[in-house]
Structure formats: C-alpha cells, structure tokens
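Following this line, the structures themselves.
There are two complexes below, and they share subunit A, which is joined by subunit B in the first and by subunit C in the second.
And now, the complex of A and B:
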C-alpha cells in the first residue's frame, strides 16, 4: 500500500498551512535553541528532512540505488528533481563560484520560507531550505556546508536567495576517487 | 475556491511536521508532555488561521454548532490539508461530534515505534488548531483524539465537544 502511494506525487496543498507550521517552529527554535543563532538552528533542524527527501526524490526519479559520483550531477539533481519535489519547480539557477572551485550557488527567486516572514532583521528563513540541501548532500556522500545569502542585486525579488554550497574536503576526495575509475 | 492560493507539496509539510514532532520528543520527558505542546502550538496556529479562513472562504456566521462542524470538516480540512473529513456520532443535544479523517497528510510516511503507540497522539496539533480557531469566534470547545490509524486503530477520529458559545455582550455607554 505504501509503495503505491509514494511513487506518485501527492496533490499539493495550501502554502499557508506550511507557513503557519513554519512560524511556530521558528518560534520554538528561537526559544529553545538560545545558544545558536537562529539561522544555524533552522539549518540543523532541517538536516534530517534532507535525508528523507533524498530517498523520496530518488524513488520518484527511478534512480533508487544509483550512486552519484560527481558533484555537478549531484547539484543538477538537487536543482531539478529535489526542488520540484519540494517546491513544484526547478531552482532558478546553478553556478560555480568564480573564485573557489569547491563552492557553488543555487538560486531561488522566492523561497517559500520567506513568503510570509519579515526579512527586515536580515535573518534569512531560507536557512531551513539550506538545511534540507545539507541533509541531502550529506546522505548522498557529498557533505557540504550550505549557507543562505540574500541576493542583493535583485530589486524585483527581494527575497531572492543564493544558497552557497561549499563542499568539504571529504566530498572532493570522494569525487576524485570515483572519477579515476571511469 | 481554494485553487488560487499558492501551493506546496504535501511531502514537505509532512516531513517538516514529522521532524518537529521528533524534536519535541527528544526535548521533552514524555509523550504526554509532547501531546500538550502540540495542542498548544496548534491552538496558536488556529488563532491566526481563522482570520485567513474566514476571509478566503467567505463563510458567514454559522447558525448553530452543527453548521460549524460541517464547515470545519468540508471546508477547513479541505482548504488546509487538501482532504475532506466526515462528521459523525452527534450526541443527543448536539453538543458533541466526531470528525473522521481519511488519509491524514500529517501522518504520511509515519510509523510509530511501539513504545509511543499507547501514549503519543502524533497529530494532536490538529485538535489545537480546531480549538484555537473556534475560540476566536467565541465558540469554546474541547477537542481530542479518540482514535488514530497510527496506533493501529481502524480510523482516525477527533472528538469535538462544545463547552459554551460566548455571546457578544454590548454594555450601554454610561449616560
């Protein structure tokens, strides 16, 4: 029964339902996680979600059991299928940093976490999404640190966020090991 | 009617909720405490959700408790969780009913570990939401889970019991 039900995308539901829940989680974390700053709390909170999202996305893409061996493939997988599963659309953009080889950026013009939140205090609630990405990357054996930045060059989409993805040494080594094989 | 509002995937909601419940379980001593917290958090949500619900659904004042029950089940659940619920088991004086939910999106992908099956009401947030929302329109209720398929029951049932409908009182200005 379960196998049948997860293979098809479920109907979508009202965004505000998520937003209400998210705002309560935000408040809970800011009360109970005082020693961390709130963005870090959100990232840590969302990490385990990433793990499950990965499983589900692979199942849907019929790539269950597939092993990703290079960083660019993994990032495309996140930008495409993972983003679609979570938000119903692909992420706007994927770029490699011009300065650092191990740093990439995924851009989302209007992250849903920022839809009904006030971003005045320069807290970016998209940290929650960053946490999910981190969780996905970690479970797929490409551990990375993901940090949300407001994309300041964008006047039209003020919530526009760049997710800065910095891969760990371990991830780079993992890729190098497998690229030698092929 | 609700198609205009922006959508997200059910999975994101259920995974987020699941992670939150897991977190609460980790930071509280027992499941009963978590049930209470979920109820309270739900009630906060209900307090705010009712405004949006009333403006989007364009519902006008319900004439009695029976109509309220119908609106919750047919419109409330539909609008926020994308499922409809059934109202049943009215008591004799129409002050208590049960809501049956099929395919509760919150408990998607969830299996409760044995030690929580007797104690945790996983979706207790929903009871809080109902109570919190009705409270804002002066309808005081008590709301609790009776059955949950996660516990191995046949169905998922929430009991809503009317405590009182508070009449708006207008005092004359002092002369």
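And now, the complex of A and C:
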C-alpha cells in the first residue's frame, strides 16, 4: 500500500466495508457519549479526518500549495476536488443562503453514509460528512460550523442532505484581511 | 405468485413478517409469532433427526447447522425455508405452481437486501424486529416490480 503513488488517485474502497465500519463507529459513539448528541459526536469524530483529507486533496491539486483566501474559492474546492476525492463525484449543488451572508449550503443527493441507514428521530448520519467538511474548513483557516439537514423534498424517503456551513467571524475577518492583497 | 415472507432469527423469534404481498393470506401478528416459534422448533427437530453425512454438515463457530426442513408442500401452497450460516431463517410462502428454484432465488435476494439494509444499519439492534422503511421498500420493489 505504501508503494502506491499518492498523487495518482484511485478511489477504491468497498462500500460494504465502509458501511459496516461506519455502523460500528456509530454504535460505539452512541454508547460512549451518551450525554452528547449523536450528530455532534459524529462531527467531532470526523474532524481530524477532514484535516488529513485537506492535506491529501491539496497535494493532488494542480495548483500545489496555493492558499485559499476567498470563501467562495474554498467552497468550490470542497465541492469539487475534496468531494471527488472522498466520494468519486462532485457535490450536486452549492448555494449561498438568501438570508445570511455567512451561511452557505452544499447539497448532496445521496451521501454514502445514508445509503443503507434508515433514519430514526431525524438523526442524519451525514453528520459524519459534515464533520469532515468542518475539519477541512478549520484547517484551511476558515473556521465554520457545519450542520447536516435533510433536504426538503416531496419524497419522504429522500436521503439528500444539505450541509449548512456557517462561517465564524474569524473566517470573515480572515477573508477581509487577505482580499486586499490578492 | 408469492403470498408471504417471514424472517426468523437464530433464537426462533419472528423479526419480520410481510403478508401483504397478496391479499390471500390474513394472519394476526400474534399468530405469526406463534407460527414462527413452531416452525423453528419443527425445523430444529427435523435437523436433529437428519442422518449425519460428512459433506452436508456445516460447522460455524461451534454451532451445528443442518438444513432441516427445506420445503413444505400442500395442495394450495408451498413453503420454502432458506437458512443462512448465521442461523437466520428466511421463509417464503408461494402458490403450488411456483418452481423451487425461483423461491430459493427470491429468498437469496431477500437475504441480500437484509445484508444491505439491516446489517449495515447502525440503528438496528441484533435479533430485534425489523422496522425500516428502506428495507420495506426494497422488499416491495423485489416482489412487486410492476409498481416501480
């Protein structure tokens, strides 16, 4: 495995393996952090993964070592290369909230964490993915809070999830500081 | 034509039943539980009186799974049982004209759906009744493909 080149992406992990592992992670977390909300535990669990994903995604990008100083650029980076690296496809949609300037939405029609899971008490397993996004954003110096929501749709069995990304003040200041330079 | 599916866990309790494949069978849920228990017992008795033969025996983690009852045939229905290695039994009730191979095939498909939507679901507790919309949907899709 170490002999493989890390710059040549070959996304091949068995979906069943992932699902079983994820299921165990979920049960482990729900047993251990009883007082905490399960979605929050999933997000916290996935945060360090995001940091590593960022490292790899940056390395594989053509513009190696480029710093992102613009929120929209960062979001496109996540929607495109990061999503491709993780799931082998782009995220379906990226929107800015019409009400708040610092809130953005990324939409995925069927997150792999939701493929086999049935929801109960409206717990969204895609919180795991939200945690990864949060990890990426925090490591790239745009700290944000990411919350998964089920996309409202006519079909009640839908898996599609909106990741609500709310940037902190620090992120906005960071952008403002660098936007003059570039 | 298929009438009903039952899934019995390794301890003999009913974890899933679906008699809505057709409107021919009406059974109360309590009766279904009792029937599942009875079938489980009959099955284990029959597997114990099965004469030993070296090839047919399956040893899995110390348990001794022999096939026992595979089919029950009557004038009006056929019941096929598919026991998997973990001891879960999948039962399918169909009409007499249905070939054995088709029933077996259908149950194998049900097993696959079970593997996907039940085993991989973090909310599912082992040996508990299966109540999952996605599982129900997949079963419906398998048995009534014309609706989709």
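Keep in mind that, in the parts below, the second predicted complex is superposed on the first by the 170 of 182 C-alpha atoms of A that agree within 3 Å, B and C clash if a C-alpha of one lies under 4 Å from a C-alpha of the other, contacts with A are read in each partner's own complex, and residues count from 1 in each chain.
Just so it is clear, a contact is a pair of C-beta atoms (placed from the backbone, for glycine too) under 8 Å apart; a residue touches a chain by one contact, two chains touch by 3 or more.
Since the model is a prediction, treat every value here as computed from it, not as a measurement.
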What is the contact status of A:59 with respect to subunit B (first) and subunit C (second): first, second, both, or neither? neither
Is A:178 in contact with subunit B, with subunit C, with both, or with neither (first, second, both, neither)? neither
Contact-wise, after the overlay, does A:20 reach subunit B, subunit C, both or neither (first, second, both, neither)? both
For A:116, is the partner it touches subunit B (first), subunit C (second), both, or none of the two (neither)? second
I'd like to know which partner A:150 touches here: subunit B for first, subunit C for second, both or neither. neither
Which partner chains sit in contact with A:85 here, subunit B, subunit C, both or neither? Use first/second/both/neither. first
So, does A:125 touch the first partner subunit B, the second partner subunit C, both, or neither? second
Larger residue footprint on subunit A, choosing between subunit B and subunit C, goes to B
Set of subunit A residues, in rising order, touched by both subunit B and subunit C: 16, 20, 22, 24
Given the complex with subunit B, which residues does subunit A contribute to the contact? 6, 9-18, 20-22, 24-25, 28, 32, 45-46, 48-49, 52-53, 56, 85-88, 112, 115
Subunit C partner contacts - residues on subunit A that touch it in the complex: 16, 19-20, 22-24, 26-27, 30, 116-120, 125, 157
In the complex, the residues of subunit B that touch subunit A are 2, 5-13, 15-17, 19-20, 22-23, 27, 41, 44-45, 48-49, 52, 79-82, 105, 108-109, 125
Note which residues of subunit C are touching subunit A in the complex, please. 116-117, 119-123, 132-135, 137
